[in-house]
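Two complexes are shown next, each including chain A; its partner changes from chain B in the first to chain C in the second.
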Partner chain A sequence: MEALRNVFDFSDFPRIDLVVVGMVALFLVVFPLLPHSSFAMATMIQFLMFSLYGMGWNTIGGYGGQVDLGKAQYLGIGAFTTAVMLIRWDVPFWVSMPIGVALAVTWSFIIGYPLFRLTGHYFAIATIATSLVLKDIFEVWDFVGAARGLEISPIKYSPPDFLRLIFKEDIYYYYIILGFFFLGILYVNWFRKSRLGFQLRSIKDNEEVAQSLGINVHWAKIKTYAIATAFVSLVGSFHACYIKNIEPEDTMSLDLSILIALMAMLGGAGSLWGPIIGAGVLIPLKSYLKEWLGAKAGLVGIDLIIYAVIIMLISAVEPRGIWGIIEKIRRRKRA
Partner chain B sequence: MDILVSSLVAGILIGMILALMALGLTIIFGVMDIVNFAHGEFLMIGMYTGLLTAQSTGMDPLLTLPVAAVVGFLLGIVCYFGFVKFLLRGPMVAQLLGTFGLMLFLRNLALLVFGSEDKGLHHGILVGKSFEIGVGVIVPATKLAAAGLSVVAFWAVWMLMNRTKIGKALTATALNAQGARYMGIPTERMNALAWGIGGGSVTVAGALLVNFWSVNPFVGILFTMIAFAIVALGGFGSVPGAFFAGIVVGIITEIPGIWDFFTYTFNLDWMANVPMTSLKYMWVYLAYFVIMVVRPRGLFGWKH
Partner chain C sequence: MALLEVHNLTKDFGGLRANDNISFSLDQGELLGLIGPNGAGKTTLFNCVSGLHPVTSGRIIFAGEDITRLKAHETARRGLARTFQVYVASGDLSVEENVMVGCFMQTRSPAQARARAKEILTDLKLNDLSDYLVSELPASAQKRVTMATALGSDPKLLLLDEVAAGLNPSEIEEIMAIIKHVHDDLGVTVMLIEHVMELVMKVSDRVIVLDYGQKIAEGEPATVAKDPMVIKAYLGERYVREHAEELK
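So, the complex of A and B:
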């Protein structure tokens, strides 16, 4: 009962926050009913997916302070598990998704055990290395389609297919990922007040002190890493059904791993709303910049230059992100 | 036999250039504990500098090194004072993502300016010439000259670090920045100098590499990861470590050739079926991971 109350308990946030959150949630629910372009719809789905990636990253990277730059490998495991099982054995999404999560979590335990003996820069680069090793293996592995990747052809199924998650209209995908999104928020809300959440924050503040208080630092990190992995792998499975055409190059690339970490940081790592704010700013910005400057004006790369400048500014000026700025203003008002 | 020997020779030669590239990373890391993700992009800029200088002046590509060194030195200094200085106040995650932003910036700037197609050099006195050593092992002259010049550049940096007053000041800053500041060493300028030397050595490596490796704006990330592996193996912050680790990693990148040798020698079918060439760089990443887990200090590391 205690745990259940914690899930729905947001009372430690100021009332104004909850009003804003409620309005945003209402907007997200009614968005498909408002007039919108299909491009806006696709951007919104991307935003919800990346919020979930960011929330997952935030558990280990934000609350735990372990900079993980290899999240895309789990996205790939989830996406390829779902795609392979659907194409080869016609396994529905709701069965293959838990299997994908289980595989990803197992893999995260295998590599997490040695990984978490490292700290700081060494850990961050080692996560990149593991991610690239897995990507290289997937690129030559014929069973998962090698470098060509896999394609789920929707004509074989009769959309709307709620078991296999094959739809013609994006609106179905939108509401399914929105459901996951709300569940994700509730889970992280519980997580941050759980025993593991408190242990993790003490590890972030001072690892030696945490150790001396009797916390099993290594095991706490590995457990949280598995939680973050489950988030990413789940959305990876959804990604396979939504995009329908997956390649190792765009589901497991380093840029994707960094984008996930970056969003959480831009919004404010280590806070509940941070990754959502980060995704809400960055994803629309990225896709509209690409649409306006890249595709229409024909300036290849200029969208990514602007994007890079934003990364450089946020890390040099306010590394605690947008949430950090909000808290700074609040503290100044109170004083 | 000749496949094995030529793979090893090719690995050692490319390893000498890779060592020079990693030298910049290890100096920057040693002096100020910051990981530079944009390192491969510095190399890419060095490659373009070598290429464009050689093409516009008609000089031999091997003579463009001073230009590349100056460009790299200035690039390092500008990056330090314009950007990296501000990252040092923040937490580690800001440093990682900040230099990643720098990498994206440089890569896409190059894409905008130079376009995305591969560019390579096809002229110069050494291009197309090769030596034959021993049992049918052929060594291209450009690779040999590039490796030789890389050793010279490495030696120059090593002398600078160990035999001059500035080098001693740099080492002091690396060992204990606060102590160095009390001794009257301008650590801010030393940091900038580390970025300058780091940038200069990596662009020289780029100008050497462009003699036999075509360049496009996306080459950077591969070399960043190779440089990380070399620095990890040699020990973060160690100059002689970078040299030996560079050669080892150079040989690791030639694993497909060595694999071929064993395939032919023992005539094994399953070995022939492994797509080794596509997995060429996987071994480098794997080596990084294994080294970090087994021996985080690296071979010659004094800092962890």
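So, the complex of A and C:
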């Protein structure tokens, strides 16, 4: 009962925040009914997907302070599980998605157990390495389509197919991912106030102190890493049905892992709204910049420069990102 | 009844012997002081007892159970809490949240942990500071918060590592009152490392003195203070020779 109450309890935020959140939520619900371009719709779906990746990253990376730069490997596991099962055995999304999550979580235990013996930069580097190794394996593994990847051909199905998540119109995908988005927020809202959430924040503060308070630091990190993995793998499965054409090169790339971490850090690592703010800034920036640069081929790569500038600004100005700046201003006003 | 027994504890760091064959025991309800010059091995002894460092040899018995090989989180769950000399907080947690982390050892429920944290903070007269970040507080308040956090886990034995270091005389009075309150009223057995002599000598039932990793004296505060070995450890051999008359 108490857990259920905590899921819906946002009372520690000031009223102004809740008003803003309510308005954003309302906008997200009615967005497809407003006049919009298909490009805007695609951008919104990307925004919701990346918010979810960021929320997952934020549990271990934000609350726990364990910078993970290998999230794309779990996205790949989710996406390929769903694609392989659908194409080979006609298994619907709602069955293959939990199986993908189970496989991804299992993999996260296997690599998390040794990796969490490492700390700080060594951990971040090790997550990059495992992600790249898994990508290389997928690129030569014929069963999952090797480097050519897999294609889900919509002709074989009769959309709208709610079991297999095959639709012609993006609006279906939009509302499904929006549902996951709201569930994700509720879950993280519970997580941040749970015992595990507090333990993670204590670990980020000081690991020795955390241990002396009875916290099994290694196990708490592994558990939270599994939670983060479940988020990413779930959206990975969705990604396969939505994009329909997946290759290891674009579902498991290092760019993607870094973008996930960067978004959460820009918005505010270790805060509920941070990853959503980060995705809300970076995803439109990324897709409109790409569209605009498409006409000016000589400027390709400028988005990477912008990312680099953002990283420098975060580390120099406020390590806790945009949300950190907001909180700082509030504290100053109160004092 | 002995709550904590340490038998022939030795700890080596490479070639350095930080604790050399130390034995002592601590009774339920006692308040034991641990003193010694810098580098004597006091904090190392705490780290070994609480399971943060593996011991090189020796045995540690806590509440009748051999805890020699247990890790820090396992000893904590058996009722052995501690504070740290240098407290580094990244500043994410407020005072109340910090104490809640301790309380979460006894309960899964956030509401119960919060209620217990409020109780402890009120008891230690820290309730005005509940919403501040630990990193915003002055050293004296931080030390009290670390004690409150350790108490949150509802310990049988509390190891305090230099809670009075760097404090001014009135703050020392305050912390002394808290230590007495925790020991006398809450019934927690306490072992404390301290350089502030007026505090150790006043509150301790018994004092152990370490020097170069070895136990050189043990007994009541007044007796230990007159022990030539102890005076030598603190003030040097020449002082003992030159003041031989006064020391008798």
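By definition in this document, the second predicted complex is superposed on the first by the 328 of 335 C-alpha atoms of A that agree within 3 Å, B and C clash if a C-alpha of one lies under 4 Å from a C-alpha of the other, contacts with A are read in each partner's own complex, and residues count from 1 in each chain.
One rule holds for everything that comes next: a contact is a pair of C-beta atoms (placed from the backbone, for glycine too) under 8 Å apart; a residue touches a chain by one contact, two chains touch by 3 or more.
As the structure is a prediction and not an experimental result, all values here were calculated from the model.
**Q** Kindly classify A:217 by the partners it touches after superposition: chain B alone (first), chain C alone (second), both, or neither?
**A** The answer is second: A:217 touches chain C but not chain B.
**Q** Taking the superposition as given, does A:205 touch the first partner, chain B, the second, chain C, both, or neither?
**A** Second partner only.
**Q** Once the shared chain is lined up, is A:268 touching chain B (first), chain C (second), both, or neither of them?
**A** The answer is neither, since A:268 touches no partner chain.
**Q** With both structures superposed, pick whichever of chain B and chain C touches the larger number of chain A residues.
**A** B
**Q** Under the stated touch criterion, which partner chain does A:132 make contact with: chain B (first), chain C (second), both, or neither?
**A** Only chain B is touched by A:132; chain C is not.
**Q** Just checking: does A:304 make contact with chain B only, chain C only, both, or neither of them? Give me first, second, both or neither.
**A** Only chain B is touched by A:304; chain C is not.
**Q** Check the residue A:112 against both partner chains and state whether it touches chain B (first), chain C (second), both, or neither.
**A** In the superposed model, A:112 contacts neither chain B nor chain C.
**Q** Examine A:195 and indicate which partner it touches, taking first as chain B and second as chain C; both and neither are also allowed.
**A** Second partner only.
**Q** Contact-wise, after the overlay, does A:258 reach chain B, chain C, both or neither (first, second, both, neither)?
**A** In the superposition, A:258 contacts chain B only.
**Q** Which positions of chain A sit in both the chain B and the chain C interface?
**A** Shared contact residues on chain A (touching chain B in one complex, chain C in the other): 65.
**Q** Applying the document's contact rule, which stretches of chain C touch chain A when the two form their complex?
**A** Interface residues on chain C, with respect to chain A: 50, 52, 71-73, 76-77, 81-82, 84, 87-90, 92-93, 97-98, 100-102, 104-105, 107-111, 113, 149-150, 152-153.
**Q** Would you tell me which residues of chain A are touching chain B in their complex?
**A** Listed in rising order, the residues are 61, 65, 67, 69, 114-115, 117-118, 120-122, 124-126, 128-130, 132-133, 136-137, 139-140, 147, 254, 258, 261-262, 265, 269, 299-302, 304-305, 307-312, 315-317, 319.
**Q** Can you name the residues of chain B that touch chain A in the complex?
**A** Interface residues on the chain B side: 33, 35, 83, 86-87, 90-98, 100-105, 107-109, 111-112, 116, 217, 221, 225, 228-229, 232, 275, 278-279, 281-282, 285-286, 288-289, 292-293, 296.
**Q** What residues on chain A touch chain C, complex-wise?
**A** Within the complex, chain A touches chain C at residues 2, 6, 65, 193-195, 198-199, 201-202, 204-206, 208-217, 270.
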